[in-house]
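So that you can tell them apart, the chains are marked A, B, C and D in the order they are listed, and the count of residues begins at 1 in each.
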Amino acid sequence: MSGNSFGLLYCVTSFGESHGPAYGGVVDGCPPGLELSADDIQRELNRRKPGSSRHVTQRRESDAVEILSGVYEGRTTGTAIGFLVRNEDARSKDYAAIADGFRPGHADYTYFQKYGARDPRGGGRASARETVVRVAAGAIAKKWLRQRYGVEIRGYLAQLGSQKIEFQSWDEAGRNPFFAPNAGIVARLEKFMDELRESGDSCGARVNVVAEGVPVGWGEPVYGRLDADIAAAMMSINAVKGVEIGAGFASIAQKGSEHGDEMTPQGFASNHNGGVLGGISTGQDITVSIALKPTSSIRLPRRTLNTRGEAVTIETTGRHDPCVGIRATPIAEAMLACVLMDHALRHRAQCGDVRPPLKVEKPRKIN
Amino acid sequence: MSGNSFGLLYCVTSFGESHGPAYGGVVDGCPPGLELSADDIQRELNRRKPGSSRHVTQRRESDAVEILSGVYEGRTTGTAIGFLVRNEDARSKDYAAIADGFRPGHADYTYFQKYGARDPRGGGRASARETVVRVAAGAIAKKWLRQRYGVEIRGYLAQLGSQKIEFQSWDEAGRNPFFAPNAGIVARLEKFMDELRESGDSCGARVNVVAEGVPVGWGEPVYGRLDADIAAAMMSINAVKGVEIGAGFASIAQKGSEHGDEMTPQGFASNHNGGVLGGISTGQDITVSIALKPTSSIRLPRRTLNTRGEAVTIETTGRHDPCVGIRATPIAEAMLACVLMDHALRHRAQCGDVRPPLKVEKPRKIN
Amino acid sequence: MSGNSFGLLYCVTSFGESHGPAYGGVVDGCPPGLELSADDIQRELNRRKPGSSRHVTQRRESDAVEILSGVYEGRTTGTAIGFLVRNEDARSKDYAAIADGFRPGHADYTYFQKYGARDPRGGGRASARETVVRVAAGAIAKKWLRQRYGVEIRGYLAQLGSQKIEFQSWDEAGRNPFFAPNAGIVARLEKFMDELRESGDSCGARVNVVAEGVPVGWGEPVYGRLDADIAAAMMSINAVKGVEIGAGFASIAQKGSEHGDEMTPQGFASNHNGGVLGGISTGQDITVSIALKPTSSIRLPRRTLNTRGEAVTIETTGRHDPCVGIRATPIAEAMLACVLMDHALRHRAQCGDVRPPLKVEKPRKIN
Amino acid sequence: MSGNSFGLLYCVTSFGESHGPAYGGVVDGCPPGLELSADDIQRELNRRKPGSSRHVTQRRESDAVEILSGVYEGRTTGTAIGFLVRNEDARSKDYAAIADGFRPGHADYTYFQKYGARDPRGGGRASARETVVRVAAGAIAKKWLRQRYGVEIRGYLAQLGSQKIEFQSWDEAGRNPFFAPNAGIVARLEKFMDELRESGDSCGARVNVVAEGVPVGWGEPVYGRLDADIAAAMMSINAVKGVEIGAGFASIAQKGSEHGDEMTPQGFASNHNGGVLGGISTGQDITVSIALKPTSSIRLPRRTLNTRGEAVTIETTGRHDPCVGIRATPIAEAMLACVLMDHALRHRAQCGDVRPPLKVEKPRKIN
């Protein structure tokens, strides 16, 4: 498995750079017969598109996707689905000022040291614009999971810098540019972001994702656990520094008598385990929470090195998201969808003849 | 890649159940010529061995490892290293009482539903005793990383239930049964555990792991990131519900001007990124923190189902760790070692001809 | 995927050396619920066992298999199946004479150059005794394929050195030590082998393998073709230098009007394609033929080098098969079984919802 | 690893259909710093291009390649190399006549049965036009292998239907449309093909490929053998039904005293093993021979079924290669190049610290 691919059976391969001609991807392993059009993918791409509010990067990209293979007469054929998203609004000259200096906290330093050369234009391969491929692959997975198993995957912004956001409704999360599931807080978030932008600084965020309707039994022992693959998928998103499943870090201070989700014939009494036990789905909601660090490209002056190792000061202008977490919700949803689809196929491969002996309902979920 | 294997080039395959005849593993991809004896592995196995204090399970296992292949005249040959650890003190009768009921928060429920059958003896394949294989594989990786690159991997207990543990010294972490890096707190931890055990309950824990001396450049974009693989490896450890790299969840509330690690010719001014940028090692310490949930096998009565789906109450006696986190330190170290070794080999494969253009020292680390 | 593992979903990992303590393997991905005992495996191991006639190596091994995991109460659990076969009759002193010289045509030269060190005892990891692991893994696959799909996998010796062997009956192939499907030729083969052994030389062989009852649809485009995986599996068997599917090399001189298997509502009119079209099974018999080279360990004097690069003459005594092909039939069957099982699972994963639109019988097969 | 990808470290992913908008691929794992332009790839693509003589399909494609990522300022960056080749001359109407019938010997039958649907246009994903991706990926591998190790990979047509072709010179193989390494035979081949085309039939072919300059030590035991991966790569080429390494099937009738390549301080005395022993390169030429079956799309009437399972007669008009083997030489070279590059990287990963203890020259090669 190469570093630009992930998934064992639902396998996504990605290529492209921020200021190259295009991003593209190959989705392999999708079952045949799924109705699929460019629109299905476009709808999700539009959710992560830049330039959609003043709080995100002002780069203008239509992010129009072209499906190149794997779909015939409106349905997947079972062969590799290739797709392309052309870059339209790259402004490489914006990077002239920082062509020679490493942004503190940015991957341009490690790429330079690893590969021995430098592509300063927009972060090159390290740019978060690569997530366009993930969202496209996730759109296909979401559709199949919904149609085949009734799985619904949704996310929301749970914290923006210092601002915690109480969950109120999924509907609201779709109505504002923050994916904030709470109408009452939007004005506060806007003010917070306006001040942040003005200050030239950036902030982090927390995004929560939930998959409802996942059947019991997906995931594998010991290393192939569902939660292990979710953790890798989430941590592979640009800027993510932490991943929790279920109660996550709160589990540390819990007692076993509190944490262990009791079962009744009507269902589980709680979901501290976040829908995964022993690496295998329980049938409850899969609940994941991720921490995204503040953007490293900021206007404030910072001490750094140039490519000759000399001390310099850097101030990053150009167009950047002051909080990458704002656009991260559809990305995290997409990654969860890809992992779940991969495990749905893996489970069917090995356990296609097994019927889960017990039927348990799941009356409670934790958002 | 099967669910019981991990690693692309340093590949570990595991088998065994808690109450079967033995655990064993195969380590593939180890470079030839490494001096290796059973003692090198045994030393690490002894650190995670059960029965070593009253605060962990009283199961008595020598955990004696037998190397079956891949080593000739005291050195690795480059071929597959097979090894075996026999089970000696399995008491299957302890499980008679719970043979029919699912422990809340335990994987015996999901295994039953996934595979359609039940091995109630000691958790079967879901038992944390499987970590013996990880520790053995990690011992080999640790030795190679130390000899070849001077990498040092160490961990400690950072929190036990409600008890936070301040880091004071690595030496102390090796002197007490908790891996607590702080002599002053040990008595308090003992009292806490004695009370917990008496109450019949269990608690969670936080374990921190640090790799020092990792060269810049290990890790791959985009999905094959070093931190993504670390996240998967950590989340695959039994009971882990959260993983952080560097500042982790604290990044959310940080500003970019605080989080982004400034660089000077003398080195980085901080390490909020935990030694990884864009999925590639920076040359700073790799810092990882994990959350372990409380043990699900507790004496307190809990509502659950039996294998016929009927409501029952379960009280788990037998021998169990009241806090699996206490023995998790060597396991987390081992997983980090395996991932780093895998990426050391991967980096050498692709970039064996690259010399990092810049030399940067690294005067600061975060524990 | 490491070099000592193969298979994507039915994944076999192998370890052990000819004169080490044991061989062993891990089979991952086997569906749960399959009745399985050590006897099921032993039966196949006995078919490849050394010492069973004067025409093969006289090393005496019981090849007794011990199942260490993955089976509970007589059925597979779905978790990793670990097994062990102890070495009992290694005579390392036999190798003193050749400890310093490379046998022409033997892998001891390339291992020495690759890994920089030498394990002269019985070929070390390069010994064909490793095939014990393949046969064990294949025994499990054969059983599952037979029970789940009615697939029957059988092989026979088709040529022994200069002696071509006409196929007459499967029954006869099980009755003589050559796996020759022709009673009339056995005496001639015995005479041929007696003379060969006396001459101190060795010879090659051709083995054919057939899988009957494979459903249409197994295999994947483009690189994941069923025949590509079969080719790799066969070529990975010690001493194999050629692989054919269906008409194989005879296809070169065929016309399209002869080669292309016509179809009728009653079935295919021929099977020149060997049961695979475009990398996907047709529903006809899968027919494979392999060429095994003559054993490199022979008594006749040969020019070679020693480990210091000096010209020496080598004569290999010790116990060796004068024709490794004689014992290769169960090995080739096992490899075909493992590949088919892997693809059965892969097909079910992706196309579990597809019913092949056409029903076609298959009245003709080519042996 | 998905079915549309191959290679562990030099990993090629492919997409596209004969009558879709484009073919494309992603090459992952290429070392950074390699000078690379579209021209480097185009040169190889032109060698396999259709329409270059009257003996191959008359479809007119410029096969112009566009590099979309992974190259910056004329050098590889170390990140994924994406590329695209647009289809220009697809004539789907040619397929109207056969839209409903399966060509005997063609994959359209197995695809239909596997995936439950049918893309009749030009073979869809099963079309040999997919090899454009292989040749592009192979061009990069060839260049790197030549620059880094001095490896030279070349092939030629060794048999065309009934016509055996004696090897005379590499130069001549580049001068005629058959890749025939023998000027004297070209007129005969032209006559043979003219008659074949006129008859409406097709024929098979043999292609030989040789890699010179491969260092000793590439390849891995036991399943990861160099020859096993070569066998898979070759068998994955459309129409290939047989693969030989070195003496191949001739090994069967050889004696060990003939087959085993003797060694002298000046080098090996022969190369029956084709440059591979125990799955590891010997330092001699790697010699591979493949059998390609006759094209299944022929004008002669053939019995077959239509998509409703009814008996029909089919005559395939449209534009087809009467012998796919004629254009297979650059494809086979490309596959060998990709496999060798993958193993070069794998070897460097594990054995980067090993120096082969012995220096042996290699004065003899077998073509």
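Everything below uses one rule, namely that contacts are C-beta pairs under 8 Å (C-beta built on N, C-alpha and C of every residue); 3 or more make two chains touch, one makes a residue touch a chain.
Note that the coordinates shown come from a computational prediction; the quantities given were computed from them, not determined experimentally.
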Determine which of the two chain pairs, B-D or A-B, is joined by the larger number of C-beta pairs in contact. A-B
Maximum centroid distance from chain D, chain identifier (CA atoms): B
Roughly how far is chain B from chain D, going centre to centre by Cα mean, in whole Å? 45
Rounded Å distance, chain A centre to chain B centre (Cα mean): 26
Please list all residues of chain D that touch 2 or more other chains. 1-5, 8-9, 14, 29, 32-33, 78-80, 114-116, 125, 221-222, 346, 351, 354
Quick one: in the complex, what on chain D touches chain C? 1-6, 8, 12, 14, 102-116, 125-126, 130, 159, 161-162, 201-206, 216-225, 227-236, 238, 241-265, 269, 272-274, 276-283, 291-296, 298, 300, 302-305, 307, 309-311, 325, 346-347, 351, 354-360
Please output the residues of chain B touching chain D within their complex, sorted ascending. 8-9, 29-33, 78-80, 148, 221-222, 345-346, 348-354
Which chain C residues qualify as touching chain B in the complex? 1-5, 7-9, 11, 13-17, 20-24, 26, 28-29, 32-33, 66, 68-70, 72, 75, 77-82, 84, 114-117, 119, 124-125
